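One chain, chain A, links the two complexes that follow: it is found with chain B in the first and with chain C in the second.
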Partner chain A sequence: MNRSLLQWIMAGAALILVLAVPLLLSNYPYWLHVAIVGFFYAILASSWTLLAGHAGQFSFGHMAFMAIAAYTTGILGRDLGLPPVAGIIVGTLLSGFVGLIVGFLCLRLRRTYLALFTIAFSEILRLSLNSELDLTGGPNGLHLERLLETTSRVPYYYIMLGLLLASLAFMYWLARSRFGLFFRAIREDEEAAAAMGVHVVRYKIMVFVITSMIAGLAGAVEAHYIEFITPNILIIAQMSLVIAMAVIGGIESLVGAAIGAILVQFALEFLREIPLPEALMPWVVEMGPRLEAIGLGVGEHGILTNAWRLVVFGLVLMLTLRFARNGLIFPIIDRLFRQRARKETVAKRVQAGEVEP
Partner chain B sequence: MEITGQYLMNLILNGLLIGFIYALMALGLTLIFSVLGVVSFAHGEFYMIGGYVLFFLLDTFTGLNPLIAVVLAGLATFVIGFIFERLFLRPMAKGEIERPGEYAILVTFGLAFFLQYIVLAIVGPYPKKAQRFFDLPTLDLGWISSTATTLRIFDIPLSAARLTAAALAVILLVIAIYFMYRTWTGRGLRATSQDKQAASVVGINPLNMSTLAFGLGTMLAGMSGAALVTVFSWVPAVGVPASSKSFVIIVLGGMGSLPGAMLGGLIIGLVESLGAGLLPDPNRALAYKDAFGLAIFALVLLIKPTGLFGREL
Partner chain C sequence: MIELDVHDVYKNFGGIQALNGVSFGIRGNELIGLIGPNGAGKTTLTNVLDGVYKPNQGEVMLNGRRISGLPPYEVARRGLGRTFQVTRAFRRMTVLENMLVPAMALHPAARQKDFHDQAMEVLEFLTIEHLAGEYARSLSGGQQKLLELGRLLMLDPDIIILDEPFAGVHPKLMETIYEYIMTVHEQGKAFIIISHDMDSIFTLSKRLLVLNYGELIADGDPKVVKEDPVVIEAYLGEEEEEGPTVIPARRLAISEETGEGDDA
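What follows is the complex of A and B.
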């Protein structure tokens, strides 16, 4: 059987499996919920990958643009009675507009400035959302209308999956088009790209606005699914998780980042509690105070890991960056779906002017 | 609320006191940038760890001299910074990492995440605050008077904790300046920051200087945290606003400029204090204190991206 047919069959089987998941998980609504949230993070991680991996622009404000859209639709829905769909559109546009301003400020300069500015920007946004009680509800959060008149999670599963596939398709098209070529040229060497006639600042702002809007869209839809949003989505852990997902998935691979995000989301849920045999439970309960002293906890069926699971992901993030720049998922995808020519990878290139021996 | 001259003076003095500590913290970040060419996104986390080390030292060993505890806190963060630089940043300087600029941003950000959550896991989320180091002598000389907790100059109250922290910061700044400009090692650091190859020609090892600069930078962050844990209450996330403040300061002062970091720290301390003090709603003032810094950041990017003392980009 030829290789490309095999690949199509595998891709088709994967799609059918993903579409059939709600049937398989119909008795486990909680895991269906985890999958929906996983898709949401997949959109964030893959759009961040387009910005950072393809265009080489590092933003730590991805969650801020997501929050801007989510809060916009929430506030418009509450105060003006705007229906969710209209609110989502307005929120997404506003994310893009704020992205335009931030991009205009930072993207004329070296890339470190974007990273520095966006991290400060999202911290200020978090503090402002916390303190503007009348507008945002402050730390207590903001309630949103639900998107659909149903209590079932299944429609949301397909909506979020559809959103993920649509944004992946769009970003894949963008990355393969001449714009994608410009982005990568800018990433490799801005001066050289400019010398070849690429309008560097314009394309950097363009990709920043597009990815901010994708993050905003995902955030607004997610907020109408959860029906609730608090400023806590802007804490550093959230942004770090998105980056960990993208890096573990493969920082230059849109699909790798998306799969990485879904796997990390499930891993986080599985690691919440390390299950132990019933026989050991009395011993665990007895050890309770000692476990709590080192940040662990006693659960119903095992040991609660609390903050330690995030520590693990921080460590995995650093080690992946150091030893596996192409990520952990992308090499697997690459092996399964290798094209005739080997795809470009992080490991093969050296950026001119940046290595100081 | 009426704004009197005295109230204004109060804001200015308190802003300057905090500004000295910001200056110390930002000096560490700018030192790291000038030698390694790397902005450490984990700078605030070292500040946070310094504060916790001091708190637990004083909590465990009652009667320990606070000044020794500050030095120990600095040493602790020095060691963490040293290890991190050796494991994760030195391979970059040796050319083992592709696209080092991107790697540096991400790996220090990963370190911030890792440190913040490992501290959260170990010490828990509840706020901690250390006792002030010293009691002031009780005095009354007319326009200047003091009690154990407060010094009053023309009826402007300055808390003992803030005064001690600022005094400590000034002493450490003087030591740091002396070190950077008058000792062989300090000159070696500055030489490396100006030209790595020329520095190695005259017998300075740039790799060792990078490790030293990163260690010293994190040590300054740790010591400023140790000084401020008596003023603010401490949670594992306390480093995040501290990081963004340091970023604003070094961009304002010029990335890699030592005098710029010091002047920038004082300016940001003043602006925050005045800005927050002149906002009528105290609840909002606390949040927008940091927003003034962001506004300055945006202005610098618009008007003069190289900052006050920056080299041309």
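What follows is the complex of A and C.
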């Protein structure tokens, strides 16, 4: 069969499947919730991929921009009665504005220094949110108005999915355009890019503003869905989770990172409890105190993994970084959808008839 | 006609005077060799011309407009292109994408596919068109050098500065680079070629600049410059003399200098 036709059919089937999920899961609102949160992380991971994977700006502050928009809409809604949609717009714009400032401050910072700077920025924001009790509610968190007048999760599913697909489409277009070309040239070598006429400052700030706004938009919508936000969303572990999702998916692949995020989110839920046969349950209950002593717990149908499930992802992340630099998802997408795969091969040197000096 | 005027340029880093009142001009498609001992200021001069460094004093004019003080991307767009001493291809981008970066930077309204044919033509000229779809990092060192030269052509500059284009290059590749320089030169571009490879410099260049301790100690016909006692002492004599005597010889060259580079 024609290869590109096959690709279209596969892409179409995947889209129909994703759109039909609420019908299949309508009796399992919890899994619908996991999917919505998965889409939220997919937006974060893929926009971070654009920032770090494409443009080489290895920022640890991505969650901060997400939180800025979420807190903005929350505070404006509480104090000024601003409706959620308006709050989301204002919050997104503010995230972009702060992204502009941070991008500007980071202009001369490379790699490690950029990472340290953005960690500091994120931590300062987290501590400020924690201590500004009157404004943010501090560690007790902030309640937000519900986005829709419904208790069903189905509309939220489509809203978050729509956001994900729209932001992926936008970023995909951006990455394919001259902007993407310049982002990657800047990642590879700023001086050489400038010598080739690329306005490095403009594009570095641009990628910060765009990805901050996408993260902000996702954060604001998510906050109105969860109806609650605390400064804990800014702990380093959260940022690390987003990075792990992007790395596992494929750090240079927007779609790979998005799929990676969704899979990781589901896997995290599946791993909450290691199911065991009923027959073993009395034994588990008996072992309860010992399990709790090492951070595990007793569940209804097995052993609760609690924080240990994150260890699994730590291991997956380490193995991915060591053995699959392109991630685990991207190579699959690449194989299915690339017409003429470009291979990193040295075989052609021989063909060129050139001998290395 | 191409006009470059470097007027009394000074550049210092802390206490080190890297450029000490350098002045010269280019008229038309000249083919200029720039030589000097290590640390003479050749790369610093390139970086001042290209906009990476702002001169502490003096100015650089290109085609009647001041380019000193402009950022590198602006200098590049106005017609001055350069390569780097160490090859700096965009390694995790394909060869073709490498070629499109300058083209897209120069033509904001254009689309990438508008330049495919031109890029492929240039790659063909450089004998690496079969590698267009490969990542630059999978190319050999020599091929990456050719890619850098190709990228420059997509920028379509008036003046091309090549920083050590022959360093570590195989004889066969050397021929390709010679051909590149001569062909592009005939198309009306000016070249400044920095090299320690004297054979290449004397074969290619019609004019020779010699830098020593940040001062231009000679400027003229390569045959004449070659015989200049100051140049011989500062640089060309280096190879004939034994190691330790080189340093006093260079010191001599400074103290004997014509006073061109008096402190400001």
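Brief remarks follow.
Here is the rule we go by: the second predicted complex is superposed on the first by the 341 of 357 C-alpha atoms of A that agree within 3 Å, B and C clash if a C-alpha of one lies under 4 Å from a C-alpha of the other, contacts with A are read in each partner's own complex, and residues count from 1 in each chain.
The criterion applied here is as follows: contacts are C-beta pairs under 8 Å (C-beta built on N, C-alpha and C of every residue); 3 or more make two chains touch, one makes a residue touch a chain.
What you see is a predicted model, and the numbers here were worked out from it, not measured in a lab.
In the superposition on chain A, A:F182 makes contact with chain C only, while chain B stays out of contact range.
Within the superposed three-chain model, A:T112 lies in touch with chain B and out of touch with chain C [touch as defined at top].
Between chain B and chain C, B touches the greater number of residues of chain A. In the overlay built on the shared chain, the residue A:A193 is in contact with chain C alone; chain B does not reach it.
Of the two partner chains, neither chain B nor chain C is touched by A:V285.
Within chain A, the residues touching chain B in one complex and chain C in the other are 346, 348-349, 351, 354-357. Across the complex, chain A meets chain C through its residues 178, 181-182, 184-185, 187-189, 191-201, 252, 340, 342, 344-346, 348-349, 351-352, 354-357. Across the complex, chain A is touched by residues 37, 39, 41, 87-88, 91, 93-95, 97-103, 105-107, 109-118, 120-122, 124, 196, 237, 240-241, 243-244, 247-248, 251, 255, 283-284, 286-288, 290-291, 293-294, 297-298, 301-302, 305, 313 of chain B. Listed in rising order, the residues of chain A touching chain B in the complex are 52, 56, 58, 60, 105-106, 108-113, 115-117, 119-121, 123-124, 127-128, 130-133, 235-237, 240, 243-244, 247, 294-295, 306-308, 310-311, 313-315, 317-318, 321-322, 325, 346-351, 354-357. Taken in their complex, chain C has these residues touching chain A: 50, 52, 71-73, 76-77, 81-82, 84, 88-94, 97, 100-102, 104-106, 108, 112, 127-128, 130-131, 133-135, 137-143, 151, 155, 168-170, 172-173.
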